[in-house]
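Multiple structures follow.
After this come two complexes, each holding chain A, first together with chain B and then together with chain C.
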Partner chain A sequence: MRKCSLEKINEIFAAIAKNAALYLPVDRTDGSAAYKKWEEGTVWSNALNTVRSPKDFFFPQTEDLMRFKTKGKTVQLEDIRTEAEAFVVFGVRACDVKSFDILDRVFLTEPADSFYANRRNHGVIVSLACTRPVETCFCKTFGIDPSAPAGDISAWKTESDIFFEANTEKGKALLHTLSELTEECDDGAVAEQKAKINAVMEKLPLKDLSTKGFGGGKTAELFDAPEWDELSSACLGCGTCTFVCPTCQCYDIKDFNTGNGVIRFRCWDSCMYSDFTKMAHGNNRLTQKERFRQRFMHKLVYYPENNDGLFSCVGCGRCLAKCPISMNIVKVMKKIGGNKGE
Partner chain B sequence: MQKITREQLIAKASELLSNGTVSQVLGWGKGEFDYDVTPTLFSSAEELENGFVFNDFCGANFSKYLVSKAAKADGKLLVFLKPCDTYSFNQLLTEHRFDREKVYAVGIPCEGMADISKVKAISGDGIASINADGDNLVVTTLYEDAPITIATKDVLAERCINCKSKKHVAYDELMGEEGEVLASNRFDEVARLEAMTADERFAFWQNELSRCIRCNACRDACPACTCEKCVFDNPNSGVENKSPANEFEEKLFHIIRAYHVAGRCTDCGECSRVCPQNIPLHLLNRKFIKDINEFYGEYQAGEEVDSRAPLVNYTTEDLEPGEVFDRGDNNA
Partner chain C sequence: MNNVNDTLIPKIGVITDVRIDTPDIKTFRVVTLDGKKAFDHMPGQCAMLSVPGVGEAMFSITSSPTNEEFMEFSIKKCGCVTDWLHQAEVGQQITIRGPYGKPFPVDDVFAGKDLLFIAGGVGLAPLRSVINYCRHYRDRYGKIDIVYGSRSKDDLLDYQEIINEWATDEGVDVHLTIDNPQEGWDGHVGFVPNFVKELGFDTDKVAVLCGPPIMIKFTLDGLCGLGFDKTNVYTTLELRMKCGVGKCGRCNVGAKYVCKDGPVFRCDELDELPDEY
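On to the complex of A and B.
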């Protein structure tokens, strides 16, 4: 483990930014935080988390996939893929780090998504242990420890210092470039910090939320639960929950006619939208109830069924904070499944 | 604190349910915390007792729900309307968006609703509980040992600070005391933007709209946006788009939407309330309202059912396009 005084944090940032594009949470004019590219003078935010999740770095909201032109009877394809630049995402919370595992299983399973893989290969994740979890946090429900975030490098912040521990080859290589700014240390201060965080975790209102009653094999039992009517009744179908969610992974592929060619691009889609998975025969989910159910069944039943029991929610709380009607996965989990009546 | 209490509202709703006036109640459902209420349908006194809340966080405007919920209700639907909600109610009736016969509207007074992000800015994150106590909110958090007392007036939502009316323009029955139309300062911020140079104004909107994630919450919550299928959602429209391809397109979406609701927007403020990125969308709509007032005389959408909005009503006194054009020049 290595440490550095927080007074020297800008030197750390400058050193990282010398070799790679560095992104970190920054306070915005509206009072919330967002990942921004670091440059001299950028101030690192103290916010617990960003409104948009860091999945944007690997799976951006829109990206062009290819271009083509038709000339007479021939179609000319242009491969527009380029090698991604090297980048470092700094200050990723434990829940969001876990979301990369969930996305990896979707995008890196053969045949791997080369766009995603390209960015994943060139990105280094420096995580950060939480110090002030809030009432909407429930990462523990999914076995995530906010005091021990994963990532290529894990970091802990105390009043005066920042501590780093490399977990992967990529992380070791990055930490090595910071050797002059950091010093070797024992893990006493970090252990103390972990204990503090875990004490706060015990105070969180959602600490007892359990996944019992969910998981693979529960489709028959939960699909027709009568509670879906009431749960989905006020849903606007806006898709805010899916766009702020670090694990939502659905996209649409579309063609944009430029007038003298076609750009094929993809953009995030949302199961909450009326044309989601629309196909030649029409749409297979005609009501908002069915669309709403899809979001939660996917996270709590279908995904774990196909991924060794791994749930595709990390308890980040973004959908709790941002849904215009305050309907969310916690309310769903408390209405159906094993938390009933709690 | 609200002048009308949860208990009074439950008593009223239970009475109307039991005497058969209504078969269902559209109200605020209890959340996980003290501030996250969900619009909910209640069918019995027991359900109301278990799940109905009314507090300083009941900002959601129910009028739009009448479009989908009133059509489905077996009998009449009881809806509680705050003064500002009644304007949306009338506007929807003007546009024939729901059947008035299927709705029983009870007007309730409103002291202004709190904005949870303003509360958190003062108390700090990690809310454990929030309770109203007279003119204050008493907040306990996970991090402070002592409760924090915040004056409710310091954390009111923007639209409530600039409330345009405490008077109900539609109801079957009124609870509590009726208020007055207010002289609000709601156009001050628009005037400040108008006074900017074109470049400054562009930079202002660039900063605000660049945050948009195109979730469409603003549109989906808007009582003036009730098209059954928005062109932007319709794969056959040729202009469907699920996400901003670039910042220019993003601005266009919001400007097109503002044009579409011009003259129909009641300034209810739902768009800004629901935006996850805190974009002050109400300022775009207020600009249109202010211009309409200045060009065609004072007009408040939703004040009366069936009123002719200036933009769809030709009169010989209408100003000439050239005058608008000249004004644009002066603003450049």
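On to the complex of A and C.
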């Protein structure tokens, strides 16, 4: 383990940015935080989590896949893929780091998505142990330890210092470039910090939320639960939950005619939208109840069934904070499954 | 980077023949620019065709894998991409990628069995691939029955091929029906599910169904009534798809993705899925 005084944090950032684009959370004027590219003078945010998840780094909201030129009856395809730039995402919380595992299982399963894999191969994740978990946090429900985040390098922040531990070859290589700015240390201060974080976790209102009653093989039991009617009744179908969600990965592919060719692009889509499954011959999810149910059944039953029991939620709490009608996965879990009456 | 394969990046194909099958179905012959088949497939698998600037959509491959020269797609005019394709002429270039999905188990489960194919309307398109595959390897299969129905005589897909080739094959019985009486039609009149019940097949066969959802539902009920076990009945599903490899999330039903776990399903497997297809 290595440490560095927080007074020298900008030197750390400058050293990283010398070799790779560095992205970190920066405060916005409304009190929230967003990932921004670091440049001299950028101030690292102290906020817990960013409004948007870091899934953008690997699976951007929109990206061009290829171009076409059409002339008369002919079609020419242009492969526009290029090697991604080397980049470092700094200060990713434990929940968001876990979301990359969940996305990997979708995009890197054969046949792997080359667009995602390209960014994943060139990105280094420096995580950060939670400094102050809040009342919307429930990562522990999904077995995530906010005091021990994964990533290529794990980091912990105390009042005075920042501590680094490399977990992967990529992480070791990056940490090696910071050896002049950091010094070897024991993990005493980190252990203390971990205990502090875990003590806060014990006080959180959602600490007892459990996944019991959910998981693979529960489709027959949960699909026709009468509670879906009430839970979904106020859903506006705005899709905000899917857009802020670090694990939602449904996408659309569309063509855009530029007037001088065609760009085929991919963009985030949402199972909450009425045209998500609409076909020429009909729609297999006609009501918002069916679309709402799909989102939660996928995260809590279908995904775990296909992925060794891993749930497709990391308890980051973004949907709790952002849903305009205050509906969310916690309410679903409390109404349906093993948390009934809690 | 550009030498890494990505299933989303298609090949360029060219339409080399357009056959008008019915008032709203045309069959397109597609090869690559160098005149070859775009890829190998098995009966029941699908391909993504696109018209750049219009869109991309999934279609079943109606030609048999035993056709080594080209692929065919029977496409009903019913949306943006299909409207555009119906206006396309020979020589038009499009894009093609695939094959996608699980095929019919033609080489193991179907081998040595009597086969019953039941199709309605454009639902014959995916079955034609299996039928012609089984006709090609005729000695591997038992008796073949084909029940096919459509709205009218003019809406019967592949009519010439059915009359001239399938119906004249030894050990192949073709049973056609149309929904309503029509001048010049002396065959059976009535809906497919009832026709299947009237014909009353032995239950020691493998049955393969494809057609509108309502036809599949009633025909399956009819087959079960005749004593068929759902483990011997196969069908192929259709849902909206974008990627074709279980990533875009669109065709997810229960823990399955129709694009990669289907489109071919055994009917008892469908009972395990929520009723959302």
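Keep this in mind: the second predicted complex is superposed on the first by the 341 of 342 C-alpha atoms of A that agree within 3 Å, B and C clash if a C-alpha of one lies under 4 Å from a C-alpha of the other, contacts with A are read in each partner's own complex, and residues count from 1 in each chain.
Just so it is clear, contacts are C-beta pairs under 8 Å (C-beta built on N, C-alpha and C of every residue); 3 or more make two chains touch, one makes a residue touch a chain.
Values in this document were obtained by computation on a predicted structure and should not be read as measured data.
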| item | value |
| --- | --- |
| When chain B and chain C are modelled together on chain A, clash or fit | fit |
| Touched partner set for A:A191, first chain B, second chain C, both or neither | neither |
| Touching partner for A:N306 - first (chain B), second (chain C), both, neither | second |
| Chain B versus chain C as contact partner of A:C250, first or second or both or neither | second |
| Which superposed partner A:V43 touches (first chain B, second chain C, both, neither) | neither |
| Partner chain in contact with A:D269 - chain B first, chain C second, else both or neither | both |
| Touched partner set for A:L286, first chain B, second chain C, both or neither | neither |
| Contacts of A:D113 with chain B and chain C, given as first, second, both or neither | second |
| First, second, both or neither for A:A86, with chain B first and chain C second | neither |
| First, second, both or neither for A:A173, with chain B first and chain C second | neither |
| Gap in Å between nearest CA atoms once chain C and chain B share a frame through chain A | 8 |
| Interface residues of chain A shared between complexes with chain B and chain C | 252, 269, 278 |
| Residues of chain A that touch chain C when the two form their complex | 65-66, 68, 70, 73-77, 79, 81-83, 106-107, 109, 111, 113-115, 117-118, 216, 219-220, 223, 249-255, 257, 262, 264, 266, 269, 271, 276-281, 284-285, 290, 294, 297-298, 301-302, 305-306 |
| Residues of chain B touching chain A in the complex | 31-33, 36-41, 60, 65, 117, 121, 125-128, 142-143, 207, 211, 213-217, 219-221, 229, 233-235, 240-245, 273-274, 276-279 |
| Residue ranges of chain C touching chain A (in the complex, touch as defined) | 1-2, 4-10, 12, 50, 52-56, 78-79, 82, 89, 91-95, 212, 238-240, 242-243, 245-250, 252-255, 272-274, 276-277 |
| Complex interface listing, chain A residues touching chain B | 28-32, 34, 48, 51-52, 61-62, 132-135, 200, 203-206, 230, 233-234, 236-240, 243-244, 252, 256, 265, 267-270, 273-275, 278, 320, 322, 324-327, 330-331, 334 |
